[in-house]
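Two complexes follow with chain A in common, the first pairing it with chain B and the second with chain C.
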Partner chain A sequence: MGAALSQQIFAISDRSVRRTLRQPAAIIPAIVFPIMLLFVSAGGLQAAENLPGFPEVSYFDFALAVTFMQGAIFATGGAGTDLATDIESGFLSRLSLTPMSGAALVLGQLGGSIALGIFQATCYFAAGLIGGATIATGIAGVVVIYLLVILMAIGFGSLGIAAALRTGSGEAVQGLFPLLFVLLFLSTINLPLDLIPITWFRWVATANPITYLVDAARSLIITGWDGPALLAGFLVALTIAIVGVLASAVALRGRLQRT
Partner chain B sequence: MTGFAPWLTAVRGIAYRQSSSFFKNPALVLPSLLFPMLFFAAFAGGLSDLSRIPGFDYAPGYTSFQYVFVLFQSSMFGGIFIGFAVARDFETGFARRLMLAVPNRSAILCGYGLAALIRSAVTIVFVTIVALIVGVTSLGSPGEIAMLYVLALTSNILGSLWALGIALRFQTLSVAPLMQIPFFILLFLAPVYVPLQLLTGWIRHVADVNPVTFLLEGGRALLAGTTGPIVTAWLVILIGGIVLGTWSLTSLRAAERR
Partner chain C sequence: MAAIEVRGLVRQFKKGPRAVDGIDLTVAEGEIYGFLGPNGAGKSTTVLMLTTLLPATAGTATVAGYNIATQGPQVRAAIGAALQEAALDKFLTGREHIKLQGSLHGLKGADLKQRGNELLERVGLMEAADRKVGGYSGGMKRRLDLALALLHRPRVLFLDEPTTGLDPQSRSALWDEVARLSREDGVTVFLTTQYLEEADALANRVGIIDHGQIVVEGTPAALKAEIGRSSVEIEPHDPTQLAVLERILARFGEPIATRGTSASIRLREGVGDVAAIVRALDAEGIAVHQLRLREPTLDDVFLAKTGRSLEGSGGAGDDTETDEAH
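Moving on, here comes the complex of A and B:
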């Protein structure tokens, strides 16, 4: 049974990865847009390096971590939109007539998100190197960032899948993108928490899970091995992944009952 | 069936249809109001410490500095979003029927453009109310403030003309990024976070020749009641209007030939 499940996961995952790689229109913005924003914000906010209390690094290094977060947000749309297309085209209905396990469907769909996440992260690292960034924790830190990226791809990808299963609409899944974008901008992406003078913004950023994800990746790039930042980041990423997968499982049950 | 009166009726009809369908659909209204607020909150709230950087000398303060950016950004994107509506109308076949129905097809451009202007005016009012609540201050005279709003609203026409041209040529929503990204890049290659004189490196060189820089710096000068590239800002609107107007008209002709 275990072998059958893993075969099913592999089959769906293989389809998801191929499908993702065959959609340049989905991949290119997910890579180009964060890199473009990295260079633009690093140029425009370079003056922030002069702020008292700003870390002793270039703004480019400081901003590099944000690209990984933006990439994770694109993962939400990717996995969810593909599944919504399957629902709209009737593919999921036909699939539900087969002995395919629900768990295989959800986990397999995440394959595309993970593949895209890894590819994105590689491009972001390359852009960082071209821009002159250095990773304070070296190769080991790069590996840890990849692990965080994979966990974030699972978390945000499964949220997209849950939205797709619940609504059956690609447009509704795309509607999640602005919401996550809001969360991104209301975090510490532009300045460290200590340098945010507006009280309400600091509160929102403190309560915003994105802050901890960005800070974890950023600590590896500019600080070194910062245990509390990494623990908080991975805990948040793990929580999002668990919530996302559970939400997907519940939504899948409802979808299959309707189907 | 030619003449000004039928043309005006067509413009009004298209603008009314677009505006009513827009304002009756929360899925369209909310993002158009919330996105500018997001930028305003994120930049004015999260980056206000940048006003402590030596050389930052914008007298009305950082919130006002960002308010001008949000004003232009929301106005331009209000224009760009009308391109989505046109592309959708082509996908559903409505636009082709419209092209057969109107007495003069320039009414299509003007009707959709008027709808974009109405959308942006509503967004600007909303943004301004919120900005006043959070403490935007102005040192400009009433005439200068009025000119700031006219400048911001006319920048909407540039966004509309660009997006209408794209929508008429490609007639599909899948080219939405092509409508947005060029303006997005132009906006963020201007002095968004700090004044022009505090930018350094490659972005300074780009910002020096970026037309949006003149709009932002001109707008900020009007809000602060100081001297700035206000005449150049109007020139940008004028030249941009001629260039993009030609672009959208040739796109209309291309759509007629299809």
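Moving on, here comes the complex of A and C:
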């Protein structure tokens, strides 16, 4: 009865991408804001290059990895807000009357987040090239960064979806956004962990999972193949993805009361 | 086999009242059943339960032969529904809605395209099919909603207040399509409405619900015949004479509840009494501002069964029901 799961996932992803692309107000900030911040921080914090122990690269190259993290945070807002809008408008009830499976709903929405994440990452790479950045690990490293971006889109996107399903409110989903930005600024986005001068900040950054995501992407751009950094980054991304998808599954059961 | 069979259906919300309080009803295949009641009466909650979107607290029901509690997927495959407020994505076109919903139902390729075009043509949206829904009028949204509900050729169609907020022309067009669906395609239609003329025009049978309970059920003609006699409503020119007017009218029939500025009775001897009433009012010096002679309507049926007028009984109550139901 009904469509195969793959057909359902594709249909919901397709819709998610279309509606995102038709909302310039949603997509432009997700691309422009991280790039703008990249150029601003590269200009304002250039002096950090002179700190003893700072990597032997330009601050622009050092900061490029942060854009991918910011993009992932936008994915949280995007996927969750769209779903919350569907709940508020009754569109989810319409979909619930079809043979759509709960898994298709979550995975389809995530498909949209992944597509947006890949598009954003391409824009960030383009901005990096224009700004003169070089990728230490070459094309293979770019591919690995895309993989990390996909995993982060799944993780942060599913957290947004879980919040939407739990609360049914777009405002509540957007409330996650500043929280994640605080976490971002309490990580290693501005300085390597060893060079953070304030002790409590260094502790927080060490405990902050975002540090490991940033460091993994950064290692591919400025260091080369750094096994421990990549392992830590991918483990953190995978953990967030698993937690997010499980949280979505639990919230979905509460939201869809259909028999 | 009945298309819809409901026995003792109850929905009790956690902090609210019994929105649906033990209803029984049977809808035959191919029938249009009008579920009539004021805002907050329990209509939408009943539809949500019968479409499997909301579990019942107690009672049983089958739709298209499937149990709503244990055979949800089979029920959903056999029904189409246009719920209150056409919930559409303003960023998608009409055709994209068809594609999305059709894909979720397992339609694909040429079959989906052909079925989509057929329905878009039927509801008069072919020209607007590639425009974003955000630019559609209320009537166009309702028609697209209906097309989406019919996409997978359902045997039972649930329409929850399908014409609320529509202009008379759009309402009439939708009525024609619903009647055609039942007449030509044999689709069973469960239609909730708070418009008397809608139930009167479309429904083969009507169930009137109030405070979560069905107060009366039957064909519109039989229900009106049960009330039987005509009524007259008179508004005096001088509102202070209302009490005297009521006393005079009481000589000619039983009083009916009215809306404050007029008095109304169900005529004991029929329309022949009107001349005598006018003479009696004249003799008492009561000037008449307005006199209305009415044949029995479904509102009279509602009034007779509940003591309240259906048309004046709406209010904020429905918000509570809708919020809790979704």
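Following the convention adopted for this analysis, the second predicted complex is superposed on the first by the 254 of 259 C-alpha atoms of A that agree within 3 Å, B and C clash if a C-alpha of one lies under 4 Å from a C-alpha of the other, contacts with A are read in each partner's own complex, and residues count from 1 in each chain.
Following the convention adopted for this analysis, a residue touches a chain if its C-beta (ideal position, glycine included) is under 8 Å from a C-beta of that chain, and two chains touch if they have at least 3 such contacts.
None of these values were measured; they are calculated from a predicted model.
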Joint occupancy of chain A by chain B and chain C, clash or fit: fit
Partner chain in contact with A:Pro24 - chain B first, chain C second, else both or neither: neither
First, second, both or neither for A:Gly227, with chain B first and chain C second: neither
Partner chain(s) touched by A:Asn50 [first = chain B, second = chain C, both, neither]: first
Angle, in degrees and to the nearest 10, that opens at chain A between the C-alpha centres of chain B and chain C: 90
Which of chain B and chain C A:Val40 touches, first, second, both or neither: first
Partner chain in contact with A:Phe181 - chain B first, chain C second, else both or neither: first
Which of chain B and chain C A:Leu191 touches, first, second, both or neither: first
Smallest separation in angstrom, by C-alpha atoms, between chain B and chain C in the superposition: 16
Overlapping contact positions on chain A, where the chain C interface meets the chain B interface: none
Touch list for chain A against partner chain C, complex: 1-4, 7-8, 10-12, 14-15, 18-19, 22-23, 86, 89-91, 93-100, 104, 257-259
Of chain A, residues touching chain B in the complex: 25, 29, 36-37, 40-41, 43-48, 50-52, 175, 178, 181-182, 185-186, 190-191, 195-198, 200-201, 205
Touch list for chain B against partner chain A, complex: 27, 31, 34-35, 38-39, 41-42, 45-50, 52-54, 174, 177, 185, 188-189, 191-194, 198-203
Contacting residues of chain C [partner chain A, same complex]: 51-55, 68-70, 72-77, 79-81, 83-85, 87-89, 91-92, 96, 99-101, 103-108, 132, 148, 326
